[in-house]
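Next come two complexes built around subunit A: one with subunit B, the other with subunit C.
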Partner chain A sequence: MASHAASHAYHRRAMLRGAFAGVAGFSAAGLSGGLGSGGVPGLGGLSSLFRVGEVAVGAAEPAAGPAATPLKLAGKRVIFLWLAGGSSQFEMWDPKPGRETGGPFRSIATRVPGYQIGELMPKTAAIADRLAVVRSLDTGISEHEQAADLISAGRPKEPALDYPEIGVVMAKELAARESTLPDYVSLFTTSEGRRRPRTGFLGARHSPLLLEQGLRPEFVTPPEGVDATRYAAREELRRLMSGRFAERRAGADMVDGYNAAYQRVRGLMAADHLFDLERESADARERYGRTPFGEQCLLARRLIEAGVPVVKVARGFWDSHHDNFESHRELVPDFDHVFSVLVSDLAERGLLDSTLVMVLSEFGRTPTINKDMGRDHYADAWSIALAGCGVRGGVIYGKTDEDGRKVVDGRATAWDLAATLYRAVGIDPKKEYHWGPRPVPLAKEDARPIEAVLS
Partner chain B sequence: MNAPNAGVSSAASSSAASAPAAFTPQAARLVAALKTPQALLAMVRDANRNRLLGAGLDGQLYAVDLAIWPPAGAANGNATDGNATDAAAAAKEAAAKEAAAKAAGGKDSGKKDAADVLRRDAVKLWSLHDNYVSSLAVHDEVLVSASFDRTLAWWNAATGERLRTVPAHDGWVRKLAIVPGLPGGAAETAAAGSWRVVSVGDDMVAKVWDGATGALLATLRGHAPRSPQGFATALYAVAAHPSGRFVAAADRAGECLVWEVSTGAVAARFTAADFYTYDAAKRARSIGGIRALAFSPDGSKLALAGIGQVTNVDGFVGPARLELWDWQAARREYAGQAKHQAIQNDLQFVAASAMNDWVVTAGGGDGGGALAFWKPADAAPVHLAKPEGHAQQLLVDLAGGRLFLAGHGGFQIWRTN
Partner chain C sequence: MVRFIVTCWLVWGTMAAASAADELGSVVSRVDRLLEQHWAARGLTPARPATNAELARRLTLDLLGRVPTVRESEPLLKESDKTAAAAAKGGPLDPVSDAHAGHVERLLRSAEFPLYFGTVLDEMVQGRMAGNESFVDYLRQSLATGKSWERVFREVLAGGAEGESAKQAALFVDKRVKDIDQLTVDTARGFFGVDISCARCHDHPLVADWTQFHYYGLAAFLRAPGGNKSKTDAAADSDVKFLARNGQEQTARMMFLSGKPFEQWRTAVPTPAEETARWSPRRRLVEMALDDRHFLSRSLVNRLWEQFMGRGLVEPVDQMHSSNPPSVPGVLELLAADLADHGYDPRRAIRVITLCRAYRAASQLEEPSTSPAPVPAAPTAPGPMAPGPTAPGPLAMPPTAQAAAGDFAAMRLKPLSPRQYAVSLTLAAGDQAFDEPSASERRLGRILQVEGLTQAERTLEMETAFGPLLPRFDPRTADFQSSAREALFVSNSEAIQRLVAAEGKNLAARMAQTADDAAAVTMAFAALLQRPPTASERELFGKHLQGAAESVTSASARSERCADVVWALATSAEFRFNH
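So, the complex of A and B:
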């Protein structure tokens, strides 16, 4: 089936490209995102399309689109803050001042009695009662790509099955059927460690909108000379040809995937104003700050507020093998400011209770300070933070030893974290998708949600 | 990036002619490594007691008895630190190892397993600060220490008695230097006492202190409080003019300011932009900065050291870099880079006439430790040796044919003849 689809997929795409040059360009770019690392834009999108068909055949759920959003999930939103490269728990969430491993930064009190945070995060300290901090992640893998896969999917890789990432699943579960907005927007504007969220067996139809070159989607403006009337005529032609193609050659499932992509493009064209930060007040612009991370998080808030269920903002690049303290002096205050503003802004707008904000990374940094005043990769004892929807604020979960070398209380795995995140937004981690006849639970079978951080 | 000065002579031809007899860079070899529990960031020579003092990450003060490694041509002296019998034995062992190395005719550029390198623990003296110690200076019998705990502390160098602690900067104190007294006892020197100290910190100001009393004499401003991209920056380096009239400080973004101490007026300002890399496309952060600064012995030039443009800001993945500026004209007169990928944390002039001087720099990075000998007519170092690990500070004993390093692992003693 795959090879059959492959040959026709190419011809189909070539035909569409000719008919709808401007919009088709965006569509291919969006579809290609589902390949994950190493995918070749354009051609990668084609191979992803096979998986759309496979899921449609094997999935228990119809492939036409997400099921109607259950009432308990309605209006729930998620913002991932991905600190790409591996931020240091010592300089942020789990300081060890005065210890050989602790580095030169001191700790400061927070609004949570007894909890001290790194001195570079005074603004986060002031909102700590809204946060749940997990200081006891033991995830084992300390190579960038593999660790990012593990944390993003919440489970180890399996040769036989390509799992979707947590954000992709959440987008599928939280998306409203009638929405014309993208289900998932991923901002990763720096190139190092860039990840395109893996849609896995869910297929390219669930690919996020990727913002990699800037804050606004590319290719959503009709080509020069194509006015609204001409665009509508092209769309009508496309719809007619799609119907015939589905009937005679490819089948409805594949064409549904295309139609969904075009639907999203049309939604984006109508919602282009959401990506225009100039529409924010000057006060809001200044409040978030004019740094790239500040602007991306302001955009995330705009999108969430407008109804996009999942937004991921990647802030690179925290890999600090040399000069760790200098790089964290630069990066942490920026994070501290923007993160605290984001959480506060969501709260002020009444969005925080329905929006899960999570601060994740692929791993932490080593207790040992190396010869170049750096810290290397460390996955045996590190920290993440959560706020908002489903999160019990003011909970500091887990503990590391006095030098931060190992977890001594509350050890949590990557799959425990995944189950926790699902639970926070009301998704049952044991819910099953189907890959052919195989039931696939959202979280790994032995995952245990960290109940203490859940409200 | 600006290209280093062109029209240079070959390294070999230009190096030998002006080097003093006890200073032959190509002969540089490690003779001893004195271990400390954690890395050292600072080192100073305590001439009155013929010892090196060092401090760093653990806030403790360590010492090395230089009598064990006497100047070139001198006999082993009387060791002064630690157990006398032990020190005498160490001196004997050191002499034997050096003799063996000389007999073998080999150079040692710091191989860890080299049999002719004497290895011992440095002697721990007393606790200076409860955070990293970033800089040390000695004036006669007084030791001054700077720390990331934001203070300066004055100590009796002989006894370890704390004389005073002064809250110095709103942020880490990065470096300090002794400001020489003005010739003829000019008014400001007389008013301030016999000696002054200048310090720089993360509040981005330089402060001049009365060395005798610890009183603040002047606060020197002008460095940008944020990096060009709006992030935290740092004031890494400070130097005092040989005349005592000027001090200079340099920051992460490559800006260098020179002030007239008596008035606080900015006497010069220039930016050496190649020391700073901001990678917006790949990693959205910066690295670099001018990490070391020194006036030439005649006062006409400022030497700046650090790292050139970095290809991967996760680390020191860029060329070791040295620049010389005519600071009064705000004109760069020399730029040199090494192929060796390392940041240079310290530098020292080793001769007396500005553009013909040798400059030695030390540091470390992706290429490992670096000890670079520059002849500022050549585009690259004349010689580059590899210390054991990343060096943070160096001291050159020109006449004695010795060179001392402090950094990862502790102290290192090198011979340069």
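So, the complex of A and C:
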């Protein structure tokens, strides 16, 4: 058994190293890389034949008016940390030391009196007063893809209606209308569990800028041999031709949108320096650490500071069916370090009050430790953590039983969580979009925000 | 390939006997009359008829999924001035030109048509699950062999296709069979044009047509495993139990969307009871739907109309119910009845739609200078909208400017699908080998009396080659939205730069070898936009090319500038949209 576990541990370390190496250089398959698998999403489905309108409940603003971002949303930002594969609440937020389900690690005190956290997270323990931890999620679905859909969209799937993910909605709501920056940047450079934020019925215009090949976006530098002058000249020809063509055309609004996309390209290319970590001080780089996750979170902070409303950083390899303790011994300290630095850095820069940091997974891990010293998928009682904008620091919400098998207090669903997240950044969860004739509230109708964690 | 050729040839042989042109013409005029009445009632003047060259581009994109090649559009370009002048004089009901009618027939007969249109049908039926190569090929083969939509519907849901295609047809059900809700919802949307997903949990709040009994009644047909293989009366087994909103358990028996239960329907049909009892549940659904006619025919016709006009007569296309009537009265019913009367032949509906006046309308609205109406406020003006209802005086717009998308008074722009865009770009910017058959290909085409064999084969090769690039382009949707992702890819990727840069005998290379700037510009416009440049465009692009003459390394600089002209035209809205 021991040797078996050891070989797995080695295997996982090798995998981690492999993944890190992959981040360093651009993939050779850059052009067709990261295209996902199965189907051709680009061909659009029936679902996308719907018009999407938007109506703010109780608000009198014209539906298509060029209104500025509402005041209460102005300057609000979101950093979304996604622990892909399902991190273990037992080794992190909800330890059960000494119990059969607890595993080998101890728990340690935090800055919140009475709250004990896993011993692998000493740095997070020291900033626990800035966090709200929800230990009572009961979300039911324990299959990766379906659970990721559930948590990301904050509602169950419907066969005919493709919902946008929470991050996509937040980006749409929080974006400043005149900004040339991307609304949503999504980083995920490892292959395990890679998923792209789904824009659902909101459509391609709301697609995030994806950083899948490295820390810099694809296609933001002109092709070889095309210098700035040449680039500007041909773009000017394109713009003139398109503008003329649009005159008095039936459906000219689509051409306006098309031209606007090319306008945004200029903004994105001009913002290329934002993705350049060399521009950060050596101190900052050392502080976050030169690990992939550290660099991604530093980049997230950099983008947020520049005005990008939503940044998602996904961190893979949490799916510990084998050697759960070995892998968490490696993953959690890295998370602990980077997460605590990120929260502290945001606070020092005066950004934490306006930036929601959310740590989510598709589910937690089983109380029962399996024969491979692993923990399997578990969605009946697990934890997430929040910090920053709209979050009441030092609140530890909800409770599981002594073995962590069941929620005994404060049961919360995926849609309760979604409503909570929206509320934290000042978005009304009851606000409605329209999909064809059907009003669609942002959060599921019966969602109840977890008031206790909101400030 | 050989089998493909043979089957195409068989169909086209039988079609040669078509002598129902007058009868087709009368249906087209009835559609035209209905639209004319609608326009008159709304005080609208339809846009002028499109020129033959404009129509040729539109039609080639709609039926073959690509822009016309230089060889194809050259003859039309020569006569474009003539037809433009003639068209300008035309009234609202100009007759269909022989050239256009002939073009429709030629393209429907081309080997490229089933290849492209199979992908269109696939998206209509499969929705989000579109793109399964085997299922697409089944639809392609069905089109190539002239299979009726009735038969496709039957084979997909209840089986009965021959040989290998049985398996391919079954993929629609097979891929969904584990999720009865997905199968129920997708069957209703794909074949009947209705979305009843709301009725899974409660009676539809907005649409009185759909109750939970409709949802579970349809699910009852689809739920039973075994499909057409079921030997016994499975009615009792396939009752579906569900919880109503009030918490009461209910039992749904097989019931079609029309509201008629299967058991009640079967007593009224002439088919012997012993036989209907042997039908599998899905076969029962198929028989009921075909007896009903309405749902199947209206859905297909509406989706085809949407495909060709950029908007359905009923919109959204899967919201066909009593409280969402068609935007123009009468047309949908007429087309649906005509389709069902003509053996559910999709080509029949395509002919009627592409010949009617609305399809032949230009995409540009009339010049708004005929009335004293002021130019609408500049879009940059941030001021609030005029409050309340305004008097019709100062803000009144000329009639055509008020035409809504659902009036079909002008051809609405249709964004190219990723596939259309990729194929068109590759063709227009490339060398001219696409429609340059080898001697043996030419001979084979003559023997089999098939046009477009070479093109079809090359399209299939292209499809494989750049399939992975398609997700880089924005999907064609009713509410098309452009993403910066596509614009970044098209602006900066080496893949696109390679397409437009001068190489071999491609467009930029041919332009660079043309000493005369005006001729080079004309060449680019012909290849990409299928029209000659206007005087100001000739000047604008000519100037761009001239810049190179002053440069020291003028040969390569000229090539680069030619490539930039190709890029600018290929990314202009005029290329990106079908108009």
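Here is the rule we go by: the second predicted complex is superposed on the first by the 374 of 455 C-alpha atoms of A that agree within 3 Å, B and C clash if a C-alpha of one lies under 4 Å from a C-alpha of the other, contacts with A are read in each partner's own complex, and residues count from 1 in each chain.
Following the convention adopted for this analysis, contacts are C-beta pairs under 8 Å (C-beta built on N, C-alpha and C of every residue); 3 or more make two chains touch, one makes a residue touch a chain.
These numbers come from a predicted model, not from an experiment.
Chemist: After lining up the shared chain so the two structures overlap, which partner does A:Pro182 touch, if you call subunit B first and subunit C second: first, second, both or neither?
Modeler: In the superposition, A:Pro182 contacts subunit C only.
Chemist: Report for A:Glu100: first if it touches subunit B alone, second if subunit C alone, otherwise both or neither.
Modeler: Touch status of A:Glu100: first partner only.
Chemist: State whether A:Arg290 touches subunit B only (first), subunit C only (second), both chains, or neither.
Modeler: Only subunit B is touched by A:Arg290; subunit C is not.
Chemist: Check whether A:Val226 is in contact with subunit B, with subunit C, with both or with neither, and answer first, second, both or neither.
Modeler: second
Chemist: Could you figure out whether subunit B or subunit C reaches more residues of subunit A?
Modeler: With both complexes superposed on chain A, more residues of subunit A are touched by C.
Chemist: Regarding the shared-chain residue A:Asp334, is it in contact with subunit B (first), subunit C (second), both, or neither?
Modeler: Only subunit B; A:Asp334 stays clear of subunit C.
Chemist: Going by the contact rule set out at the top, does A:His321 touch subunit B (first), subunit C (second), both, or neither?
Modeler: first
Chemist: Same subunit A residues contacting subunit B and subunit C, which ones?
Modeler: The overlap between the subunit B and subunit C interfaces on subunit A is empty, containing no residue.
Chemist: Which of the residues in subunit A end up touching subunit C in this complex?
Modeler: Against subunit C, subunit A makes touches at 31-32, 35-36, 39-52, 62, 65-66, 158-162, 182, 203-207, 209-210, 217-226, 230-231, 233-235, 237-238, 240-242, 245-252, 254-255, 257-262, 264-265, 268-269, 436-438.
Chemist: Any idea which subunit A residues touch subunit B in the complex?
Modeler: 85, 98, 100, 104, 106, 189-192, 289-293, 315-317, 319-323, 326-327, 329-331, 333-334, 369, 371-374
Chemist: Once bound in the complex, which stretches of subunit B touch subunit A?
Modeler: 37-39, 57-58, 130-132, 148, 172, 227, 229-232, 234, 252, 280-287, 289, 313-316, 343, 364-366, 389-390, 407-409
Chemist: Which residues of subunit C touch subunit A in the complex?
Modeler: Within the complex, subunit C contacts subunit A at residues 47, 119, 123-124, 126-132, 179, 181-182, 184-186, 189-190, 195, 197-198, 206, 306, 310, 316-319, 324, 363-368, 382, 384-385, 403, 405, 409-415, 417-419, 467-489, 491-497, 537, 540-541, 544, 547, 560, 564-565, 567-569, 571-574, 576-577, 579.
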